[in-house]
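What follows is a pair of complexes built around chain A, which joins chain B in one and chain C in the other.
Right after this comes the complex of A and B.
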């Protein structure tokens, strides 16, 4: 188990390194050099040169990556080109909003998705199963931004039940709660459908197993067979899917935080990209990649806890 | 003899295979009394597991009951509602399954499952259920039962798992215990140990035990009476001694002749029954065994054989049995 953890961590570091390398390559590939965009068309060449040096853009790519990592290890992600604040401070400010959004969105999606998946299994082959199937597929296929915009229109503009923008008053949990409902709904809805389908499929496979027949042979009720005996086995592949969804919350955060003008990592990176604020882009990507890797690794460890067979394979 | 605890009458079961039906069981009739061990033998595919699954009421979803009924203590179990059927399972009729490797849930501890299997017991606390389960594990010869309760199934050997599944089946003190090929998946030493265990259990078990097997040796060691099955039909039934020493159905004779335990001397070639099982989609018109039978004549091929009563305790489904 320990060697497994070490192996996983080394792999994670390698992935981080490759991701950052790719990011640097991208900075050089996108048209428009950061200094000219930052300073505008009327900047003097001297000013530009100064900024380029300050941003370290004149050095070779590998050395830039090296410095970046060297600093990152000491907790220094550089400075925001515009506000001159430490990038790490900006990220730490924005991160909790996105984290909370991810937790709420996937938590409700997981609960409802697993429930609908199990319901489809209990009522398999009946019209109920078919209705749930159609429902799940529509939830997957309706684009999240459409859901977001309609939700905004109905609940914020027409009914005025929920705030249209922002993340609520600081220190007022009720207003924060109201502010997170729609974004979490928009992010989670396709996950509900996706998880329901996944759970149904892996559940049906498990339901054919001999140990389920054993449970039935002891007269356990269908509900107990499904929720205790089958779900415990069928939930395991679902965990890694949810972890991937949670770890890559950044991709949903970009759109949903923009639509709802919610502070967070998505808003941070969008504005940084538009302004070629590269230190912020780099820092955000680094932190979110690390976050992704941590979440996925934790999920693997959780799976090892839930499945004794995996645990034993890792131990040996 | 007392009223049978389990009586199967004329049971015919088929499997829906799209355009046609596989007639896995045809007019099977048998009964089991309290305190007796009956054996069901026959080669692979003759419908033994189908019969066992019907007894415990866990037939595959594509199974069709064409006719017949199963009476448990006089009540027709097919006529009961789903809940009553469920209560019967585990509580009154329990089963030991064919493959001990996959009978238990891989992600729950054995103890967890053995406790869960007692859910029909009302007013018994979890800790009492745990004690009951531990005692039974000790009873079936598991060395360290309380440690075993904490184990996951894959951590136990095949023999241990089969012992555990016998313990599980005994948890609710059922009146009928069905063991579907309890030793087929095990090696010879394990098989001997499990047979020994089942014999031992016989002595203080009140209900009926039904042992399904394709191994005549198992029947000889364990059973009082035996039903021989061929191609979905019961073809001969009687006391084990009678069947062994004076088989009346040619299939039974052939089966005994093919049992390696029966040979006095070393033989270079193992005898087999020539031919193969008839097509279960369209069973033959006359006797099912006619195509492979050395005694078969025109009558056998065209006319369904009658049940011929040989003695009070033995009968065979054969035109020639009376001769």
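Right after this comes the complex of A and C.
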């Protein structure tokens, strides 16, 4: 188990390194002049050169990569080209918003997705199962930004129940709660459908197992069999999906944070890309990739711990 | 009948839930706006609040509130009139000198004392001749002479009338506190070391909101609002929806939203349709081998259908420009030499030049308006026998195209759709077409000594009638070179609550301190 954990961690580090190399390559390959974009047409050539030097773009790529990783190891992700604030501080300010959005979105998606998946098993083969199937696929198919715009139209513009933009007032939990409802709904909705299908498929496999047959033989109701005995086993594959899903949810957050003008990593990276604020782009990608890899690695380790089949493979 | 009142936990929760849900369905109950707070929307967060290094946009809006300038502009729709602001008295005393006296009682925050003439001197002289993007505003500044604590004289190297509208009212013209700036090392970014305007910077929620509150020490004209909230919403459509959801009181809209908004105007809202200072034109690069013959360039000018572009891309909200000087001002040229479309003439010119199967590349930014213009031009030129291939280009790549420091590609550009945010003085808009701008922002290789000489004359000429002649001649030269098709000055579109009277400055940004309740 320990060897497995070490291997997974080393793989995560390798992935992180490759991602950052790819990011640097993109900065050099993508045509364009970050200084002109950032400074506008009235900037003098001297000012543009200063900006390029400040971003370190005048250095050879390998030197940039070396310095970036060397500094990153010590927790220094550089400085925002404009505000001159430490990039890490900016990320740490924005991250809780995105993290909260991801957690709330995934939580409601998980609860509803598992419930719908179980319901589909209980009513398998009936018209209800087919309705739930159609509903799940529909939810998977609709892009989060479309859901975001319609939610905005209905709940903010027409009904005026929820705020259209922002993350609520600092120190006012009620306004923060109201501000997260629509973004979390938009981000999580496709995962409801995905998880429902996943749980249904996994559950149907489990329903044929011996312990389920025994439970039925004891005369337990179908609901009790499904929720109490089958779900416990069927939920395991969902853990790894949820971990992967968290990464996907973070990328959906980029669109949703833009539509709802909600602060967070999505808004930070979008505005940094638009302004060609490369230290912020690099720092954000590094932190988010690292976070995603940690979640996925932890999920793998958790599965290895929970699933006896994986445990046995690792032991052998 | 059972009249006993039974209450239990479940019933109480039901009742509370029902009441809350009911209350929230009442419009404005769930999200009430404070009548004393002005809520504006802008599309990007602040970057640098030091006037020397700021970029513009929100930075400039904040400085209009927290700092003062000697004079300030009124609404652009009312002709960009200037009025005294930080200065109690300010006047030209000769073509080379402007005398000013600061208003009494202007006071810096953080204990830095009164605003002085020394602060004015410091603010201007630190930008003049520096690497600041606003250094051009003080190009003709010699020095500022301090007479006493509140009075001084601005000395110019040469007569430079435009300083009044280019430099003094905003951007580089904001006054900073010498002692405070020196204390923080000579420059700053997002934390204002000292403020003296009618509002104070209160809170910055990054990428979300800026809050400004009334300055208790401000002794000038009071604002109708005690608090200003500036919301950052990048996307125009999201901002439009958010406005309809009463998230703010004022927002600029995308030009493409005009039809839709007019068809379904939100209740209690008013639409602003005005002409912005942003001018759009088609660059025709005379250095390109395919376009080196004047007759070919003129053929393009004749084939261009100005009306189709104005209707198709701008919904008829603006008129054809006859140059880069703002229409409706004293200096604007009356009409283009090639003002009406003539496809047959275009074909004849191509035939005369011996050109057949001409294929040209048209570079255009990816926004919907520019792409629409590109498609119309493609169709227009197609009728004259010119095949146009549109090359949609993203912002960063686009600005590198004409840059001589990025290789030789700038020499072979063919057609490029361009637009720049303009200024009030014609020299601010004509600047980019000077010979020294080739390989920088003059992408057409328009290289006219007469144009340059006229530009220099225009800078120092004091007589408005003579300046008009100069600028009109410069635009004649531009058009006659075949290097330009003047498209329009883009429309400005914004929406606001009808109980509000906004003030928009020439740069298209609001001045929140001048907004009024009506």
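The rule is short, and it goes like this: the second predicted complex is superposed on the first by the 292 of 316 C-alpha atoms of A that agree within 3 Å, B and C clash if a C-alpha of one lies under 4 Å from a C-alpha of the other, contacts with A are read in each partner's own complex, and residues count from 1 in each chain.
The criterion applied here is as follows: a contact is a pair of C-beta atoms (placed from the backbone, for glycine too) under 8 Å apart; a residue touches a chain by one contact, two chains touch by 3 or more.
Just so it is clear, the structure is predicted and the values come from calculations on it, not from any experiment.
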Fit-or-clash call for chain B and chain C when the two complexes are aligned on chain A: fit
Which superposed partner A:211 touches (first chain B, second chain C, both, neither): first
Touching partner for A:166 - first (chain B), second (chain C), both, neither: second
Touched partner set for A:84, first chain B, second chain C, both or neither: second
Touching partner for A:224 - first (chain B), second (chain C), both, neither: first
More chain A residues in contact - chain B or chain C: C
Chain B versus chain C as contact partner of A:11, first or second or both or neither: neither
Apex chain A: angle to the C-alpha centres of chain B and chain C, given in degrees as a multiple of 10: 160
Chain B versus chain C as contact partner of A:259, first or second or both or neither: second
First, second, both or neither for A:306, with chain B first and chain C second: first
Chain B versus chain C as contact partner of A:268, first or second or both or neither: second
Closest approach of chain C to chain B (Cα atoms, Å): 29
Set intersection of chain A contacts, chain C complex versus chain B complex: none
List of chain A residues in touch with chain C within their complex: 30-34, 36-47, 50, 82-85, 90, 93-94, 149, 152-153, 156-157, 159-167, 170, 178, 258-264, 267-268, 270-271, 274-276
Residues of chain C defined as touching chain A within the complex: 24-25, 27-28, 30-31, 44-45, 47-48, 55-56, 131-136, 189-190, 205-209, 231-235, 237-238, 241-242, 244-247, 394-400, 403, 405-406, 420, 432, 440-441
Residues of chain B defined as touching chain A within the complex: 56, 58, 86-91, 94-95, 97, 99, 102-108, 113, 116-117, 119-120, 152, 154-155, 165, 168, 172
Residues of chain A touching chain B in the complex: 209-211, 213-221, 224, 228-229, 232-233, 236, 306-309, 312
